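The following pair of complexes shares a single chain, subunit A, combined with subunit B in the former and subunit C in the latter.
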Partner chain A sequence: MTMSGIAFPSLHHRKRKRSGWRGLLYIAPAMALVTVFFVLPVLFTVWMSLHKWPLLGKPAWIGFGNYVRMVSDARFMAALGFTAHYTIIVTIAIFALAFPLAMFVEKPRPLVSAYRTIIFLPVVVGLASASLLWVWLANVDSGLFAPLMQRLGLTNGRINLLADFDTAFLTIIVMVVWKIAGFTMIILLTGLQAIPAELTEAARIDGARRWQRFRYLTLPLMRRTMALALILSVTGSILAFDQFYIMTSGGPQNRMISVVYYIFNQSFVSFNLGYGAALSIALLAILVTISIFQLWLLNVGDERP
Partner chain B sequence: MRTRREIRARKALRDRVAFHGVGIGTAFFFLAPFGIGFLASFRPNSESGLPPLPPWPLSGISFDAYRILDGFGSGVWQHTMNSLVVSLGTVVLTVAVSVLAGYGFSRYRFPLKNALFVLIIATLMIPFQSILTPLFIILARLGLNNSLFGLMLVYVTLQLPFSVFMMRNAFDAVPKEIEEAARIDGARDLRLLVRVLLPLVMPGIATVSIFAFLNAWNEFFAALVLLSSNDNYTLPVLMTAVRAGRLGAINWGAVQAGVAVMVVPCLIVFLLLQRYYMRGLMAGAVK
Partner chain C sequence: MLKRLLATTLAYGLGLSVASAETISMWVRTGIGDSFKEVVKAYNAAGEDKVELTEVPFSELVQKYATAIAGGQAPDALSLDLIYTPAFAAAGQLEDLSEWAKSLPYFSSLSPSHVKLGTYEDKIYGLPLSVETSIFAWNKELYRKAGLDPEKAPKTWGEITANAEKIRALGGDTYGFYFSGGGCGGCMIFTFTPLVWGAGADILSPDSKKATLDTPEMRKAVDIYRNLVAKDTVPAGSASDNGVNFLTFTNGKIGQQSIGAFAIGTLVTQHPEIDFGVTLIPGVDGKPSSFAGGDNFVVTKGTPKLEAVKKFLEFTYSMEGQKIMAKYGSLPTRGDIAGEVLEGLDPRLKVGIEAIAVAKTPYTLQFNDLINSSNGPWATFINAAIYGDDVDGAFSNAQSEMQSIIDAGQ
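== the complex of A and B ==
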């Protein structure tokens, strides 16, 4: 619907293609990379997950032992719970800001493209850079927030935002919203701009109020775009690692260990490589399920435009 | 009549003030952290522990923070070069591999063509975070453990689904007649691809390049896991040492200097090539 200039042409049918194996030569480098650095590792992960695999020494076959351990691993369950909690909250927060922003920058007005660019800037820097920037801003002694709040008389003394779970969580949410909202805004913007202006105009002439137009026209027509933005936000958030590693080191009280962080700890800190692989397979299964759900959701959007 | 026009003019003015009020407030929220961090990186060492109120240096611009940053690891130049080598290498390899593959998928017919294309795209579904352990082992077997080249190959692979998709579409959009004409003139295969078609798919290459550069430059997790020796660290991995501090004391000036070194190239690349970046984003979004 928003294929701007990039078309799948029907040229395919006009001209016979050169057949044979030469085409395989062209795609060979890509296939080699995907095979060695993606397909093999995935298969290898499955294989490793069925072993007790220490860093040094011989791996030992233990069948589904790692998976049995996983189900009763309270810390893994805590990581799953925390990741789900984080994903839900951050997605809601991003949408709550990105949707109004998308509507704000939709109409062509003076300076609007400058606003768009500025809002988008944090998207192109790394999450690691953003985390480093914000962990300083949130620092109790040398940062911005605590001293500023104290100076404005909002708090008695300086609050250490990163020492308490709730405030540390809130800080990270604000940071991620700052970093990601521009991305979601642009996705939503493509959906908004795909709504034909005549439709909105017609609804206005028919006397639909602003809220009615939004509720009964904009929202239904945005289904597909919103589904896409939602899925991107959810899959991205489930894989969160940098911000927890850099900003809070998983603290306070190790309550900010996300799934990827836990896999990292098991695999590369405790060197339980087999168990780490089993956890990875669980993560992989979750993500693939979401991807399949995504395809289904987008198709549903197609049937009911 | 006159009052009516006046009322309308006043309403328009109020509208405009409200619009730009919101706009400026929003822009401030998104720009301020960059500005504060950037300004603070030029404060002298004596001020680096103070809150950024105000953020600018009070006693003259100083490069203390950058000097202290330089004292970490093998020096900031070395690590910037590491990051640059990995990022630019990723760009070159990604472009080379995806141009070839895009051309192959667009212009040739061969066995299992669709299945192989879907396989490349389907790797998007699988988070690379879940296959890092075997990647670590495979790279070690190839003698590429703790190597920037190994990391580069991993980054290229991660870029492939998006890049091959982009390049195939770019080649699909090139009219066949151009190719036929060049063929009659005697250009064949790779020469045809490089001399005749490459200039026509330059916008696609620009898009692929900018995404490859930014993703490789910013990537943290794989670099953290796959690089084990100090002098090979890319900037984000180096920064974990700076952020951890020395003897329990963190030099926040050095942290902000590091952030500036990491952030400024991204912003410049984006602002210069914004058009191509957005094109890629839209193409990815509708995929």
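== the complex of A and C ==
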């Protein structure tokens, strides 16, 4: 007691200094995790991308050779094009379904938690398992869709859904929407529930119609939530791999090679780890750019609600 | 009491001997039948050493093995598709077996194409483990039902097509022909290229530096398959089968299919209800050919269990080992005792042996990139040329992409 009494005058200063260190100490585990599992691997990937790095044998320094090759690589460009095509379509499809669903399950109505659960269920299935399940569903002989459509007289004979680009692409889009929409719905639901009921009520009293309330009240207040859902969906779609690998092995005549699939092929089929690393860095740059652009577009971070 | 004491002592003794025995880890690819698994079973039951077998999907074996080597987790030995032996030997990842191999009394009678592919710069890195050739099989039961002579092997593709149509006419889900046409490069190099090889053409030049895909013979072969598809003799699932259903013939509803000699073993041992005949695969002009494939036994460089691995391989080459292999469909790897090994076994296996005389095996360091990869030019070509609308485009795309891969690899 007496000791602390004596030390009192300098305690305030010491406390501030100590709390700085203490703060560092608190975030140290997180920092260590990020450093070991993100920063170091990325740096190593950059290092690899500057080499001709075969899976077997000795790496050789080639500077920016891999990046130069990338620019004129028609197959990489095709993969980028396909990934963009896929991302746009699947994101629109997910939102087109998830938004109405979120509004549907937000209102208190009988059995609402049952609806929520049912819609959310596919989310807890792994993407690889879901893909395998749908490979079977889409199988022309032993599956569900083709024989069912034949039975119902919709098609003349059995159609092999996975053999043609358009139908295979449609099958994959439907599968992904089935699998992901529930997740997006939950995110949007939290946003909807965060809108104070008084605001909606006030708007209603002021005579705003249903569409006006949605356009001028709900949408602006949902901006942050939408940004989160959009970024998650776009990032997930750009990194798509499992469904194409499992369901179509790259699709009829290689028309479903996504960027990640191409990186996988370069790294582990052709054994060009260096080139695969360079492609990964390029993809990282693209993802960061797109995410920043989305945040800017949705004006997130400018103001605090 | 005495009994129990005895049992404990015995168990103790056994435990000791097991502890001193080695366990070899070994990988094998899926789809090569049961012959090797059965040998391992027999070896584990009899010997002191144990072989621990891991099955790896055939389409991923190469990258998994390469990754395992890079990560220091490679198995002691591996049953490696023989066409990959040069690539791995060239990368310096395999143990040099030259001295020991040459000391084997039967070395000179080991399957020559395997030893050739297992040899790199005059050193032997791979020895034959299993030999397989591609052959043509027909379902006698369906032939009978369709009013065809079940004992008459078809000699030309004209006959095969006519038969396929008659079998398809039985209706339902009975089909006349099958192939894995959905980007399974490995399946199609095995069963489809014999059509052009028989006629003297090839998809690569002899030094494998030029792609020679676009030949009149290949055009003819593609037309034959296109025609089979157009006449609805092939199940729709074929267009997207990436090799998973390669053995569809075993379901008993396919009239004819080109399969491998391993499948004879599978059919005989696991599907005795299917009555089938086998013959050589006719070329486009009737002259037969075949793909001589199979696996080489390779040892990962620097394994501490080299002696145990050698002992196991010697068992495989023994009369007992060879007999087990043959019973499950792998043709004998030792020419000197082949006759004796096949004695009393299914006579259809002899067709597999006959095929060796007319068979080819491509030698290229880029087999994975060119042929086997499901996104490579060959696999893409097969699907585009047989199922697509633009045959000319399929030819020119594949031809130029193959050439560019070859050029990039030099």
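Structural remarks
Note that the second predicted complex is superposed on the first by the 253 of 305 C-alpha atoms of A that agree within 3 Å, B and C clash if a C-alpha of one lies under 4 Å from a C-alpha of the other, contacts with A are read in each partner's own complex, and residues count from 1 in each chain.
Note that in this section contacts are C-beta pairs under 8 Å (C-beta built on N, C-alpha and C of every residue); 3 or more make two chains touch, one makes a residue touch a chain.
Small disclaimer: the values here were computed from a predicted structure and weren't measured.
Look at A:23: by the touch rule set out above, it reaches subunit B but stays clear of subunit C.
With both structures placed on the common chain, the touch criterion links A:214 to neither subunit B nor subunit C. Touch criterion met: A:269 reaches subunit C, while subunit B stays clear of it. After overlaying the two complexes on the shared chain, residue contacts for A:163 are found with subunit C alone; subunit B is out of touch. Look at A:187: by the touch rule set out above, it reaches subunit B but stays clear of subunit C.
In the overlay built on the shared chain, the residue A:141 is in contact with subunit B and with subunit C. Using the contact criterion defined above for the overlaid structures, shared-chain residue A:239 touches subunit B, although it does not reach subunit C. Comparing subunit B with subunit C, more residues of subunit A are touched by B. Of the two partner chains, neither subunit B nor subunit C is touched by A:67.
When the two complexes are superposed on chain A, the residues of subunit A that touch both subunit B and subunit C are 139, 141, 146, 268.
Only residues 19-20, 22-23, 26-27, 29-31, 33-34, 36-37, 40, 48-53, 55, 96-98, 100-101, 103-105, 107-111, 113, 116, 119-120, 123-127, 129-135, 137-138, 153-154, 156-157, 160, 164, 169-170, 172-173, 175-176, 214, 217-221, 225, 236, 239-240, 243, 252, 255-256, 258-259, 262-263, 266-267, 269-271, 274, 277-279, 281-283, 285-286 of subunit B touch subunit A when the two sit together in their complex. The touching residues of subunit A, counted against subunit B in their complex, run 1-9, 11, 14-15, 17-27, 29-31, 33-34, 36-42, 44-45, 48, 101, 104, 109, 111-112, 114-115, 117-119, 121-122, 124-129, 132-137, 139, 141-144, 146-148, 151, 178, 182-183, 186-187, 190, 228, 235, 239, 241-242, 245-246, 260, 263-264, 267-268, 273, 276-277, 280-281, 283-284, 287-288, 291.
By the touch criterion stated above, subunit A contacts subunit C in their complex at residues 54-57, 139-141, 146, 157-160, 162-163, 168, 248-250, 252-254, 257, 261, 265, 268-271. Contact residues of subunit C toward subunit A in the complex are 63, 66-67, 69-70, 88, 91-93, 173, 182-183, 235-237, 239-240, 242, 368-369, 373-376, 380, 383-384, 387-388.
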